[in-house]
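Each in structure tokens, the structures are laid out below.
First chain A sits with chain B, and in the next complex the same chain sits with chain C.
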Partner chain A sequence: MMESFYDITLNVHRYDPDTDKRWIDTYQVKAGRIMRFVDVLRKVNDEQDATLAWGSSCEHGQCGSCSMKINGKPLLSCELLVENAVHYFDTTTFTIEPLDVAPVIRDLVIDTDKAYGRVDKVKPYIIKPKPLGEKGEEHQISPEELERYVDATRCINCFCCASACISSHHNFLGPNAMLAAIVRVMDPREQEKQSRFDTLYSENGIYRCHSSQACSFVCPKEIDVAHFIALAKNGEIKPA
Partner chain B sequence: MLASNIRKIAGIQYMQDLSRTHGWPYLISWSHRISGVLLAIYVCFHIITLSTLQDPAVFTSKMLMFGSLFPTFFEWLLGIPVIYHCLNGGRLLLYELFANRRDQLVLGWVFVLSLSYIVLLGFFMAIGNQSVSAILFWVYLFVVSLFITFITIKKTRQSHASLAWKLQRISGAFLFVMIPAHMLYMHLDPSTGRDAQVIITRMSSSFIKLVDFLLVCSVLYHGAYGIFGISRDYLSSRRLQIISTFSIAILATLFAWIGVNLIFSVG
Partner chain C sequence: MRNYLKLDATMRCDVLIIGAGGAALRCAAEILEQKPNANVVALTKVSHPQKSHTSTAQGGLAAVDPKDPLDSTLFHMFDTWKGSDCTADQNVVKKICESAWEQILWLENRGMHFSRDPQGRLSKRTFGGHTRNFGEASVHRAVFEADRTGKGIMDTGWGETLKRGITFINQCLAVELLIKNGACSGCIVFRQKEGTFVKILAKATIFASGGSGQVFQVTTNCRQNTGDGLALVLQSGLPVMDPEAVQFHPTGIVGPGILASETLRSVGGILRNAAFEPFMVNYAPKMKELAPRDLVARAIESEIREGRGVMNPDHNIPHVWIDLRHLPAEVHEKQIPEVSSFFKRYVNLDPKTDLCPVRPSNHYHMGGIPTNEYGEVEDASQNIIEGLYAIGECAAASFHGFNRLGTNSILELITMGKLVADRVVAAIEKGPSHNPESDGKRFIERFSGYLQAGKKDSLGLIRSSLRRIMTENVSVFRTEKGIEEAIQILSELKVRAENTALAGRSLAMNQELVQRWELDNLLAVSMVICQAALDRKESRGAHFRDDYPDRKDEYNHHTLISMIDFGITESGRREVDMSIFKAGGEQHEKFAIIERKY
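For the complex of A and B:
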């Protein structure tokens, strides 16, 4: 039965860097059914606890800055409606934790510089572009070439996949970092492939992937991350 | 209330929650990992037990102990991780090397075939009176395994991955049929796996020696690389990584030496 409001309970993991203390705070919130979790957290800030820290930017599922774990599932809190959450998890009690891919700065905010450090290692940009044509025209990617990897370019680096990965976060650069490297290997405009192969096939690269496919399951952009990593394992990521 | 408590105690609730937050393949991967560690430990125990074949009297006394009801039941239970790990390993090979993306379908088959194997194994263990020529049985399955191994080698050739990583897949492809077949064969008749004289006579064949040699080498490499992979996932310290790699290599070599020594000295 569709409700107009839900009385939900939030168990939020808190962290105070000044005292290095961790604890869980519980908030009771009357939430509208189409409120998103970012709205719910804002309501907590407005009405109950202004000190609760969390991060967001675009709040339209494009920047990946509001990712967190809700009842254990890494997701974008701007995309999860209260009603969908109640039905999906079959409860009105939600445990909210920060992602575990980088140190926590405060409450639900993680050190994104540290998290992005892993993506930076694969150099997610064109290092050595293909030279311009004889008349100076830019290289064009054919639709057939683009079709092979266009899905992978939709990654927003929200780190949900990295958080869900079975491989822990000690040594693996992460599924999203692998995806960034794979995109550049498959990109026909990029000439520098070897250094990317070196990173992909390093001890922190695809050897740490065990095809648990949790990355594909949690990806808010519905990218089949495991598919692309499997292509890399099988050597099928060369440009067409 | 009772049903809810049963679900909690049996861990069903936890597994359901995990499948909801990470997907079923994630849960399957954890089971693959746990079953792999269990089997790696069991292989060491198995090799130590078989090494007593050097003295048939000691081996027979050990087998008398293992022949009672509880150890037999335990052996049957061991069939669960064995067949599950083999079939799920086959699923992973299909996914990673053979570009199969109908993974849900294959996952269903993993469960159906695992269940069928367990029932079949229990049936043969219960009747325990089947007689099959060792050479015929192993020639047939060896050829099948070599074929699977060959097509896996062909598929790994285009990969840029390391030789060690490829060998893990290749050894897995070889063991995919060989291990469930080995377990089934050993339980067709109680004497097949427990009578020292029957085993020694069988192992006097050069072909059986070759099969056993490849089995021991593949199992130990596959197990060692699997444990190495897990250690690399969790150990951040370079020092601990070196210590664990060294320990795994030493243990695998030691058990390989015990196993190979047994194969070529018995029969």
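For the complex of A and C:
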């Protein structure tokens, strides 16, 4: 018979911007087996401590707002069931920390604007679009061509990869930012390629990657981020 | 009054958009394309525009490809009208359907990664209610980006606005609308990160603040969809339209509330109650599981009400089972892999061997801030509020009437976003001056009240009570008695909320303070949903009254409802635009008041 409830212990890293103090609070929670960590944190808010700040939005793995580190692993807390966490980490005690990709604002909430600033730098849009067909019809992109880069377009900028990456975000724009740049190099509708190569192969670009493949390992969308970075390193990302 | 509650700064801009989802970004991008020097500011409650609820839309975008010999815009217009249960406004339906393909090309040329057919053109698929020749046969009308069409729109809209120099203010709340003499001059904004209040003055203010799904216990909507725009409008003495028109999907997955799609039933999934009995045969003896959405939703809710549901202890919500165990492995692997993975991920069950828990889930709010066909907001007497616009799910123009067709929602975002941008550009070019400023003082009273309340309670538990009573009494089934009971409970919860002390009184990133404000919005929106549902003594589209199960011609109009004080409402009506019918063109009779039967 499987357990219907788990008595879990959360050690949560706290930060108060008003006093600039950091500490760890411990919460004991009786958690149902298929409660997700977002549900557990909500239960803490409702029943024990309304001041604990954390972020979420869609709560089903599509927006990337609820990423945090649980027992050291960056993940989406809306996708982690209590039962699975107990088995995966082989413990009922969990240390919860904010992602270390930007300054902490309060508790588990980080300054996402700062983290996104690195994605903005790679220009995540088409700089110079190829004109539509003669009669104003859509472009022709074969399913095979799209298939080469479509996985990279699935990134939701949850920054789990950036947190897991062994290169520092202080000098590397990050695996997710690299993906955004690679997408537009491979997208046949983008005519401006040179400035994208300049960014990719810049001081803060892909050569900061040490090929640990931690990005691929933690990606909640199961994108093989390291594969795309390897393609870029090998000069294999030009459109077909 | 606490002295730290004050205005910290005043900003000025040309266009202020409250929201940064699909409608907001399409609108902003168009304004900036047409007027590159315009100063456009977009506010969002989430940490970044990409986190908006639009990102979760899966299915597709309905748009008739002019190259398609089988389909026509007129058929799309008819399907929308019929689906709306004859309560959509035909002038809006015409505008949106006619501009649809052009907007698809806009997205295509700005980098959206649409799925492709073998020729490399945009791939299309069919959805329920997409027909040719006025219901004769289904058509392939929806373009899509795999199962992440909304994300494609968001990535494209965000990229384009970033490219053209928009200013985003992330993680903030619009807490008070500045309206004076029938004109809007902007709003007061609370910046969560800094904990400061800022006045933002604008030549045009556009609501694009999204839906209100958090009113209900199980919803596909994101945590941020607390009906803030509707509540803000109500606080300003303006009406909302058709709040009782709320769409539910019959099979949401217990836990995250996300959809276990129709496909599960079409491939042979069987709904079972607590005693494992297949119950659809008792409600739709012939169609069984394949009966229309609303009928299936009511059947599930009936089983639950009559005590044949199963209580999930972790999420404290009753449900029924969907049984997929008998389906061949090939069906599991080829036809329903995504949904199977949802069950695995969120309830840790394998549909091949386990029964899976589902129940009706709130999905979409057809009602909203009343606007005309240009997205200009109207007051209760249908006068335009100068400088104020509304688009997207928070608005009701109304494209969807009392029931929305699948794939029409994200189409509305991009078409109305563009149409309103055209209007706004013309308006800001015309007038150099800002509308008369109003003071903006009510927010101080409101937030001081939140910070000064002193009774020990739990906002989370009050919110849960609200969501439970709205789900039990005012969702799929509605009766006079049930709605009246809900109104009574909402009034009690309002008092409790007002007295509840906050655990922390800091202003900077105080999540509890934000949730206190959201609770007020949920209460206000719930109250107008109840009042409008009570007044509409008929059943129409998604609004089903157990005690008045038929549609009645005397209710062929929109509801307009304002709130003078909490629980004290004033109702009016707006005629449904039937301009396609009245124009008397070819096939105009299809746009008369017709039966919604499939």
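Simple rule for what comes next: the second predicted complex is superposed on the first by the 239 of 240 C-alpha atoms of A that agree within 3 Å, B and C clash if a C-alpha of one lies under 4 Å from a C-alpha of the other, contacts with A are read in each partner's own complex, and residues count from 1 in each chain.
The definition used in the following text is that a contact is a pair of C-beta atoms (placed from the backbone, for glycine too) under 8 Å apart; a residue touches a chain by one contact, two chains touch by 3 or more.
None of the values given here were measured: they were computed from a predicted structure.
Look at A:H210: by the touch rule set out above, it reaches chain B but stays clear of chain C. Looking at the shared chain after the overlay, A:Y6 reaches neither chain B nor chain C.
In the superposition on chain A, A:K73 contacts chain B only, with no contact to chain C. Once the two complexes are laid over each other on the shared chain, residue contacts for A:S142 go to chain C alone; chain B is not touched. One of chain B and chain C touches more residues of chain A, and that partner is C.
Interface of chain B with chain A (complex): residues 17-18, 20-23, 25-26, 28-30, 32-33, 92, 95-97, 99, 101, 103, 155, 158-162, 165, 229, 232-236.
Touching chain B in their complex are the following residues of chain A: 71-73, 88-89, 164, 166-168, 170-172, 197, 200-201, 203, 206-208, 210-214, 216-218, 224, 226-227, 230-231, 233-236.
Of all residues in chain C, only 46-48, 50-53, 55-56, 67, 104-105, 108-111, 113-122, 146, 148, 151, 155-156, 158-160, 162-163, 170-171, 193, 222-224, 255-256, 258, 312-315, 342, 345-348, 458-461, 464, 502-504, 506, 508-512 touch chain A in the complex they form. Contact residues on chain A toward chain C in their complex (touch as defined above): 4-5, 16-18, 31-36, 39, 42, 45-47, 49-65, 78-79, 81, 83-84, 105-106, 109, 111-113, 116, 120, 123-127, 129, 132, 136-143, 145-146, 150, 153-154, 156-157, 184, 187, 189-190.
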